[in-house]
Amino acid sequence: MEDKEKIARENILRESEDVDGKTVKGYDFNEGINYEKIIDRYATTGAGATNLAKAIEIIKEARKENAFTYLGYTSNMVTGGLRDIFRYLAEHKLIDVIVTTAGGIEEDIIKCLGEFKIGEFNLEGKELRDKGINRAGNILIPNSRYCRFEDFIIPILEKINKNQKETKEVITPSKLIHLLGKEIDNKESIYYWAQKNNIPVFCPAITDGSLGDMIYFFKNKNPEFKLDVSDDIVEMNNSTIGKEKTAMIILGGGVIKHHICNANMFRNGADYAVYVNTAQEFDGSDAGAKPDEAVSWGKITKDAKTVKVSADASIVFPLIVAKCFAK
Amino acid sequence: MEDKEKIARENILRESEDVDGKTVKGYDFNEGINYEKIIDRYATTGAGATNLAKAIEIIKEARKENAFTYLGYTSNMVTGGLRDIFRYLAEHKLIDVIVTTAGGIEEDIIKCLGEFKIGEFNLEGKELRDKGINRAGNILIPNSRYCRFEDFIIPILEKINKNQKETKEVITPSKLIHLLGKEIDNKESIYYWAQKNNIPVFCPAITDGSLGDMIYFFKNKNPEFKLDVSDDIVEMNNSTIGKEKTAMIILGGGVIKHHICNANMFRNGADYAVYVNTAQEFDGSDAGAKPDEAVSWGKITKDAKTVKVSADASIVFPLIVAKCFAK
Amino acid sequence: MEDKEKIARENILRESEDVDGKTVKGYDFNEGINYEKIIDRYATTGAGATNLAKAIEIIKEARKENAFTYLGYTSNMVTGGLRDIFRYLAEHKLIDVIVTTAGGIEEDIIKCLGEFKIGEFNLEGKELRDKGINRAGNILIPNSRYCRFEDFIIPILEKINKNQKETKEVITPSKLIHLLGKEIDNKESIYYWAQKNNIPVFCPAITDGSLGDMIYFFKNKNPEFKLDVSDDIVEMNNSTIGKEKTAMIILGGGVIKHHICNANMFRNGADYAVYVNTAQEFDGSDAGAKPDEAVSWGKITKDAKTVKVSADASIVFPLIVAKCFAK
Amino acid sequence: MEDKEKIARENILRESEDVDGKTVKGYDFNEGINYEKIIDRYATTGAGATNLAKAIEIIKEARKENAFTYLGYTSNMVTGGLRDIFRYLAEHKLIDVIVTTAGGIEEDIIKCLGEFKIGEFNLEGKELRDKGINRAGNILIPNSRYCRFEDFIIPILEKINKNQKETKEVITPSKLIHLLGKEIDNKESIYYWAQKNNIPVFCPAITDGSLGDMIYFFKNKNPEFKLDVSDDIVEMNNSTIGKEKTAMIILGGGVIKHHICNANMFRNGADYAVYVNTAQEFDGSDAGAKPDEAVSWGKITKDAKTVKVSADASIVFPLIVAKCFAK
């Protein structure tokens, strides 16, 4: 037994060097409720809180350095309440380029045509279908909203198509979005403000949603209508080149994450990168890839400031905006 | 104390009804190693194993019913070894439509031009960048592969562009992919077989990858080149209508998952749906949405057979194919 | 084509009923930064934000109803800054029973003996081991802390053992923790306040940590020392019976989650349940089980108010405490 | 534009070094269905498949090196069909020490007293409670099973208690489990074989489950009964010291993962470590910690062979056993 104890003591109770760094310390509620300080304390709370604090620091620095800022988000966030926060950022021109999916465009416009409602994740699909109510997570969207969207968009497509025939110029997703923002003419819309403030909005998978459904219906009568994606990729990639510094704020995964990163490869990498998503890297998906994977591709520079916050953007992004963008 | 015991006994040791169903039982290795039976035993193993068994049952039934089958997968799976399994499915025409992302197209072609290598998830981005080696999960791709891809694709784009000028016909992603499959002329390629067997391949975000990079370079000299996505959405959506039964096998999330589901809404829902991915529903993302959410939209019929397998497709899809498709 | 369009229109543009519920609406930063309102807006933001808002509502109601409240948390949260928040809750007697793991006890005491530091998740294990620095997530703990813990605890164990020999009474984990809290005599300690305020602390796996290491060393010289867990399970289970209402706030998974739920089965279920963790249900683990699974066992009552917040507690628990407990 | 193209070309089409390593290649189903080869191909499939292949290699080597092997698993796996595989490993003495939770013990015994059934994850809690049917993931357990467990265990506890009074020796969890295995006398039981083959089974949280419920009821009449956990921690930790090599196979997280790792710290680290679980590291939990975190603590040696497989053990463990243990 003595030998065992000796071995055990050597291994369990071995000497150690000291270590520098911030001392772990959480918020002391005896100081009262001070949200500014509560959030500041995330820095020394460890785990995801520390990464959230890092995201805030990075975005603050990017803003101080006047970095050209890309904001990416997925459809579900526009279906939800982050839409109003994206609108704020566009309204005050606090970001320079937006990248989103088809749903990320159409849900913003559709919300101007009818409200979305909070429901539950576990509502039964069958029952909802019988009522014509679509579920997106815990949000409910009566199908009438999409009918109204048709009424809104078909005249716009007709106008575009007429112009296309006359000028032989084929429209791009970014120009279509610009037009939608203009026509909706509603200060609650992200894309109203984007077009007003000349913030380009790229949507590389524009047909993958209700927008595609409408184009489908439109083309049944107007098969000659075309929608070109090649001019947008030129514009998107060129937007990164020549900027002194660029920053990427990417909420969610998939095409929007890859698209912003890929474009920043053209400039040899973004200088600041904040990812907020719930995907994990083990399956090799781009969605779950950490910033350091992007460094290998030159999508992020070798000495960039980066962080991934593994969190639901609906919870953390309002806090980030409060700390970094709002005043 | 007596009262407490009485209350406790009532709650802990209460009577119960019996319950029907298969008895939980795992594989008995005393029977020796019989992989067919090991996988059959997943059905009564519970947890994810039972869902995997259900996926196998659903796909088997879909095949027996001659369901028109959509296969969707993300880029990383083509970067990895599932590519060879997708090629097998295309070669033997075991699926009817493919939907993937830009990387899901180009990595298949690029692999014909140079090998990809197994690495590690934690290799340092800086060092890799200095060597020009790109990391995708635990797979390494020397950048020379993309240079060779340029050499391969530019002549094809030139040919297309020449034709475009002559005929005024604007190419679509599905036609471009068809051409790439034809030109690569390599039996290891998924898209070689897809074009040979007339399996349409849709890629709604075709510019989001090296394909987009090449189009960018090509357009610097040929700005008149266009790439239309509107004809593909018509074709994709129409492909679902009028089929007696449809099945969806969707590996991964994002645009490929949504695209297949959305198209099946045009027919009032798919009859069979198997999702394999690692996304979760709590953040409201479409990636993490379970089949029942799609029922509310009419993307899946109310009495469809569906399952979500929360797993890395690299592990489970080979087993699914062994059980359902190969012989 | 006409037929197809007809089918498509019927399915895509079908009529719908209206739906009740709160309108989706995010925070409007044009109102300035008002954290109280930002957090209130989570309710109508959808996704995880809505679940976090629900958690806040549930705990508020539980407090209004004077529900007897169980707080459970895992070791890593005490290693991190949530420890200071748990201390606040114990100091002001805002919770009634604590359940944690061995690390959840010892790290609180050890922090009184030396600071923990913020590090990074990806620091290399080899290098840290050479320096004697232990990593827990992104927190670093020089091993000297554990040496000091030995100096602190051995005299206490000697005292206990002496008493054990004299009285034949075998100590339990809850009594040991009470003693540690008393002896550490430090107002920064959770367990100092727990013993002061007579909040029982249960630790069903008390030997699984440095506490177990110390007991190991102590028993090498004092093999007669015993530690009984049977009295604690009686006390824990009885604590639930006869209370008018009980509430469970469970941060993290594993034994602490199961232990609180299991005890509440003795009373036929808790009336309020808030889970905060990052585990998922698909693998059948208790950690990932949603509240409704606990309803089947009688661990939660059939009409309880419950929610699971899929989030990192380090981020959301400070907000919950700000809204529900602090003033 | 020319400048932009130059910059773009430099960054996108830069030169690269070659890279060594296995070429990515998936299984070729044109070779027919050969499961041995399908699983071998995981090594070059990338993502999680490659990690699974690595796990198989590590365990094979550990077995060749006669490493002393710890197997850990959580309760849900015994509830499910992996129980029969653990039984096989114990029956043929292919592992040396088992660590599990209370449910991991009792569910094995209870299955000898009545069958468990496959259900669905989304069965409603209320309805199940009314029928007395407990749900664990997608497995259903009528409550009668627990009533039968009481009938089985109370006489055993009485015998133990009688002996305790006579000899003054307090029983430990490992001895209690040994006795349960002996008394159940059923070749389908893991613990029947464990006691027969002298495989120690440690359960540091023995009271956290139905076992605790039964001890609760027993102690209402026999309050003098004690259950000591201190002798087990001595035995567990000592078991690691002096072994030439040790291996850890840990399925799931929480106390069982930490317990095996912590004990191996006493010998300065395990030589082989395979983790299979679905937890992630970002929240700083021990459950989600990767092997390299354990290296910093000396729980795993600096040059150990280690891997984490992010997967549902119900799917991958049967494959691991087929490749590494069965014949």
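A, B, C and D are the chain letters, set down in written order, and residue numbers restart from 1 in every chain.
The working rule: a contact is a pair of C-beta atoms (placed from the backbone, for glycine too) under 8 Å apart; a residue touches a chain by one contact, two chains touch by 3 or more.
None of these values were measured; they are calculated from a predicted model.
Using mean Cα coordinates as chain centres, the one most removed from chain A is D.
For the pairs A-B and A-D, the larger set of C-beta contacts lies at A-B. Our note on geometry: chain A versus chain B, Cα centroid distance of 23 Å, whole angstroms.
Our note on geometry: chain B versus chain D, Cα centroid distance of 31 Å, whole angstroms.
Once the centre of each chain is set as its mean CA position, chain A and chain D turn out to be 38 Å apart. Contact with two or more other chains is made by residues 8, 12, 14, 46-48, 51, 76-77, 79-80, 133, 137-139, 213, 216, 220, 237, 265-266, 280, 282-284, 298, 310, 312, 314 of chain D. Here chain B touches chain D in the complex through residues 1, 5, 8-9, 12-30, 32-33, 35-36, 38, 41-52, 76-77, 79-85, 88, 91, 111, 115-119, 131-133, 137-140, 142-144, 146-147, 150, 213, 216-217, 220, 278, 310-312, 314-316, 318-319, 321-322, 325-327, going by the rule given at the top.
Per the touch definition, chain D reaches chain C in the complex via residues 74-77, 79-80, 101, 103, 121, 123-126, 128-129, 133-139, 170, 204-209, 212-213, 215-216, 219-220, 223, 225-234, 237, 252-255, 258-259, 262, 265-266, 278-289, 291-298, 300, 302, 312-314. Residues 3-4, 7-8, 10-12, 14, 46-48, 51, 122, 237-238, 241-242, 265-268, 280, 282-284, 298, 310 of chain B touch chain C in their complex.
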